[in-house]
């Protein structure tokens, strides 16, 4: 195995990203979908920090990651509130069953 | 193959594998716990990348905040009494094809690209630097995030109150 | 890294007075909502007052062209320029209209006890959009998009009773979450490629570097996903019909105007600043040869307008129809960008003003009708022409304007887009767009048909419209008719606003 | 020059009337009708004034100095677009010998149609408001000299027409209305595109010496006003003028309507209320041929010369095809509609001749077709009002029951057949004479003459089936014309007879312009061939 | 050269009947006796015509009076200069003679009609129509240009239409009117084409100017061939109007009109307009065109004559005889017997009008019975009618002392001479044959009607001689059928003023080498002046004059013998019944049927032209609805193929009908719609795929 470098981190982040998307599109449970989103955000964060580290871009990347984490928290809060709301109205949180609005 | 590498592979494996389980396990609660491991793995990677502060934040916010939130979500949207909280998957095949294609493209281009890469020493403490950036260059973003959190608070409350 | 003194901050604050005004309004709304627990009818007036002040600040600094929150001597996080100000006026203006709108809406009235949150969240959206149109930094862009999104997720599900509200909200949040996630990933790649998040800096760095082109394309497209989501460009539009149908009408209207405008402003800024090489004297842009934005946008726009128009033929729900129509309009607007010239931008700005009036007007009438009929189904509009002549005729004019027939302003908007296209010799694209216009006539005319041509099958009494509604509708109507005949001021306004900071 | 802006007056008077009507309570139906009648009669008077002060010796066409009653002022002027020059749109009205007959026609036909609309009792207010709006649109098209303005007026009449057919029409009105709407919009987008292309290819020098892009149609007619690199500039070797011409032509041809774009017409006519059919056939169709004559011909003379054979060919097809289709119809109104297609073919044929005789014949035919077909539709309307059917075979022997009506019918039918002494004859013979005089389209002309044979065939056959023969029992209660109907038929009849006997009254109006046009087209051959790219 | 008196007189003659028409038509409902006004007008017209003829023939015998005005001015036309269309009069001898005939017969028919039409509910309108006919006919006669000929040509067509269909409640009448109009239009198309060629070439409609240019060597499309074609095309108008083969089918049907109308329009005047037209354009007819005219004339003389042999309807027989006689005239013109042809026009007008009026008298008396097999023995009850009818029959058969003998003999003589000069004996042969047949069927008619025993006793009992107003015209016309008015010598018409001084064969203007050999000018080529002297006599070659002279006696004798033979056979068959006609008919069944069924012209035309047109129009209409509209509207196949969504679509978009574009749009829309599943995760899959596709496109 070669020396761990930037690409290794990128591979991890890409894998996380892909798994995140996969989770979002396949899991029926809305909460699981939210987990997928978190995965995506994490993958981007890895990118930021890895790039900053290996490209010597300074701390910008880390600050970015910090912001993303905060945003992720906010988003999760709102999203969960919405999911709870859905649960109240539909009595289910299975995303694929919530399709009254369609053509 | 030094320690750094081994640790990296360890964390990478934890991260990716648990992420894989997150999106495949039928039991939601298990999923949530796998997510914990993923976050943990990511935090480890942050450490490997010299982002000590971010790693901490990752643990605190994600594990301490978001994950708990998600668990609450799981609990509130399912009947607690049922032992097995399971959920199915939909459209696995098209999703797998699509995601595989996308992942392939991403991987290929990520690996193929000649990134700007400079050999630098592992930065020491980053907290101060981040702090400076937050109140200088990124002051506006920082402030904005404050308002954003307020809005998120109000929004979530409003939603929940409904 | 330069140390930035406090003075810089203070100077910067002077430049973001509109944003500050919005923020203060926001806080004020929160406080008033808390203090005056029972009586919430002052909230909208406070809000309007705040926005008026905001508008004043925008106009006062209209011609300023400057950076704020500098990270170095001549680079900043925030750009204050006429282009951004134009969109801020658009956003603030449409916000005022939406607030008035909300005061007339039954849906919002039903959630009376939560009106405070409603207005606060709208203020949040405004703030997000203001930063979207004026930020020069990808981080700020991302944060502002999130700010806009988070508020609108909640607002889309604001109505208590309606099931569809919750659903709209859920779809919106999932869709929005993943698109901003994808964008973030794109941003991270771009950051990796250039080492900066500042658009201007990226521009110069890209010009200097010789990195793998495909990765740029990758990052560009991934970033476009979230913008495409905001402007509901195909194939990222899927949320639009569902959310538009599900959300309360004022919010639908707001999403179709303000949110889209902010998205466009962002897109234009992103494409132009990040990838520009030079602007020739004729106003055409020469972009860096790393991403073929022109082809990309043409494909997207043709896809968008075609999809929007053709799918709209089938719609039975007025809101959904207008949703598709707004998708189609996004397609037309994208054409203005596809030209990659200042003229195209001018066309977009002109179009946006007109589009704002006509689309808001259409939604307004739909809402007023919905208030009375309790339905947005087109079939229920049968015989409306005789029952509510004023509303029907107004809606007809708005729809005709959306079709783009003279002498309504909608024609002027389209005209300028086509002027830009023909000037750029993109004839085939122009023909496709024009044919799309014909298709669009089809579904707009269907509404007209139901209102005027079909006799009512149901026994619904004729209904009266309150004076305030009539005045409001008439106010929306006036610019449609006036700009259709005399559009000099409009064009002058747009023309003076195409200057982006730095170009 | 300061004089009364009569063209604006005649164009916008109906809009004023419309606004006025909007303030009349909808219960006051008679008042609404009276106001409309007042407005339209004022329009007729204004048209007569125009006629009176019209200078017969001025040519017009491409010479701005010989247009009359010109009104020109800057409407939109946006300077400072450094990269595309100034955007300048003029409010530019003016008439020459080609538009004068049509202005007159519009005034007369709208007046007649107002009378014919008297029986409308459903949503009277809306009807007359739209009617007047339509009036403005039509009038505007004939007086506008700025392409942009022309286009605005062109589109302005779409919507009222849609509603007038759609709301007050027959059973399948919705279908007919949307078909009309889609077809014509489809046509007009092509016009729009070419208009924009021309805008970027033409510039005109202002008083202060600056050159600006222009929508001025007269400027577009002069090849020296074109820019070197405009896509529709004859100076540009790679120009797209040919395609643009086709686009423009199709845009106008849909309105004529020219085969194979004609299918909207029978439907529209059959479903439209009588007055609207009258307007549609009387004025609206003329907008297509007028557009070709006013826009296609002088702006693209060299392409016109290339394609003239095809124009004549389509004219011929229209004539024969329309006539044959008319023959097969069972619905009286549809028959008239197809005959309209056939007659409009003559106009195309005449225009294609590119000589004075043919073009004056074409313009004259526009006027005559306007009056004659209007009368034919009124005739159908009268019978439909009484019998509530238009099935030709349902009738028979009406001449006995309604002798005076039948007299007018005979007049109109024979005018449509082209009987000498009635106006249709003069224009049709001029068209034949002109077209035959142009060697290129001679054969087509000869084939087209079959049209007058077929015309006689279906017209007389109809006359026989409806009016001759024994009276059917069920129609023995039909009453003859009312006073109002007299008022519609008599003016039209007088015009038809007068112009049949003394066509100079109309031809003198247009002689100078037609001659200028012919001269222009002939000169253009030389001028354009001397430009690069040819 | 104008003379105000003559021109004003001509104007009066032209416009008086129009005034009569307008007044009578408009006041017809109100004032019952308004027909008297029309009568008054026509008498005035007649007086005017007599005065005109008198003045012209006495004082201006060799001068043609022309007067014109500019009708339409085209101003300064590019490439052509000042251009205008002039209308005007050409009053020459032919015109005044023709006018006299028209006015006289018109007046007589007016008078005849007073009694004949009595009691008709549209009595006044009938007179109004007669008025407009007289007006139109006068127009044709007086005009000096092709355009006006065409204009009035159509107007006589109109009046013919109106009068044939006068009893419009009868389907056969309105059918006949329609048929007449349309068949005439067919001929007019040719004429129009001829006019188009003339105008295109000469930019004028005026005869004299056209002739001048032709004689100056300016030919249509610079080709003699086209000059011939032009002549033939103009002749097409005459084919229609004069009911020549193959457009003769309308005339028998036109007998549906009132009988006086048949006398006026369909026997004496209007149908002769075709001959008049040839007379007018005679100078520009080339040898080829004349030969064509002769052939058509010959066929038209022969075929209807054979048909007339077997017809039983009194008016139909007369109608076919009219066609046959017109064919004579046309043939006469074609073989160069210009004078005699025109002369025959005049004489024929009188005796044929007389025959028709006589027939009218009979029909009136027999209560509108027209079948001669049901008549008989009327001689005794209607002696005056019988006498006049007999004179007319003798005249048409060409028996000496009648006018018919003079003119018909002339034509036969001309065709005889033509045969001897050119070798085309066929014209002479057919001429004589027809002369015999004419005599036969006329006397067959006479015998069956007036001789023998009455077949329908009941009707016979009610028969009585006609009243004065009906008898008077018969007498006048009978008088005019006697030779004395035309020539002092009953065997040589050339001795009368009418042939020697009044009718003059015009100078040809066609190029020398296009003429018949015998018509070639003796003046050497090149010396022909560019302007044709007005009223100049044709300069035939010597040998023509010689041949004509030689043909005189043989032709006369032969025609006499043949006519006598025809009469004799008629008597044998019908009077003395020596031969069983039925048996004879059976023995030559095919021929008899051919004749009896009018050579099946109507059937063939109906099937081919009428049926063909209707079929074509049906096809096209189907095409219009299903294909043209179908391309737009969606063809049936497509409808079925996508019928699953048709139902939905119909309700959703324009009810029931869908046009193809809408179909397509709808279909595309439907596809797009499929994406909108309502499942947000599916959307995201789409997004992912879109990104992948876009990346592939732009890679």
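Think of it as A, B, C, D and E in the order they're written, each chain with its own count starting at 1.
Quick note on the criterion: contacts are C-beta pairs under 8 Å (C-beta built on N, C-alpha and C of every residue); 3 or more make two chains touch, one makes a residue touch a chain.
Since the model is a prediction, treat every value here as computed from it, not as a measurement.
Chains that count as touching both chain A and chain C, per the definition above, are B, E. Where touching is counted per the definition, the chains common to chain C and chain E are A, B, D. Core chain by CA centroid proximity to the global CA centroid: D.
The interface with the greater number of C-beta contacts, when B-E is set against B-C, is B-C.
Ranking all chains by how far their C-alpha centres lie from the centre of chain B, first place goes to E. Relative to chain A, the chain whose mean Cα position lies farthest away is E. For the pair chain A and chain E, the distance between mean C-alpha positions equals 96 Å.
In this assembly, the C-alpha centroid of chain A lies 65 Å from the C-alpha centroid of chain D.
Here the CA centre of chain D is 37 Å from the CA centre of chain E. Remark: chain B and chain D have CA centroids separated by 71 Å (rounded to whole angstrom). Shown for chain D are the residues in touch with two or more other chains, namely 174, 178, 182. For chain A, residues that reach two or more other chains under the stated contact definition are 17, 20-21, 24-26, 30, 33-34, 36, 45, 50-52, 55-56, 58, 60, 63, 67, 71, 74-75, 78, 81-83, 85, 88, 95-96, 98-103. Within chain B, residues 90-91, 95, 98-99, 102, 105-106, 110, 115-116, 138, 141, 145, 148, 152, 155-157, 159, 162 each touch two or more of the remaining chains. Which chains touch which is summed up as A-B, A-C, A-E, B-C, B-E, C-D, C-E, D-E.
If you check the complex, the residues on chain B that touch chain C are 105-106, 109-110, 112-116, 132, 136-141, 144-145, 147-148, 150-152, 154-159, 161-162.
Chain D contributes residues 172, 174-175, 178-179, 182, 259-260, 262-263, 321, 324-329, 355-357, 360, 397, 399-400, 403, 414, 419-421, 425-426, 429, 432-433, 436-437, 445-446, 449-450, 452-454, 456-457, 460-461, 463-464, 467-471, 503-504, 507-508, 511-512, 514-515, 518-519, 522 to its touches with chain E in the complex.
By the touch criterion given at the top, residues 652-653, 662, 665-666, 668-670, 672-673, 675-676, 678, 680-681, 683-684, 686-687, 690-691, 694-695, 697-699 of chain E touch chain C in their complex.
Those residues of chain A whose C-beta lies close enough to touch chain E in the complex are 21, 24-26, 33, 95-96, 98-103. Residues 90-91, 94-95, 98-99, 101-102, 105 of chain B are the ones that touch chain E when the two sit in their complex.
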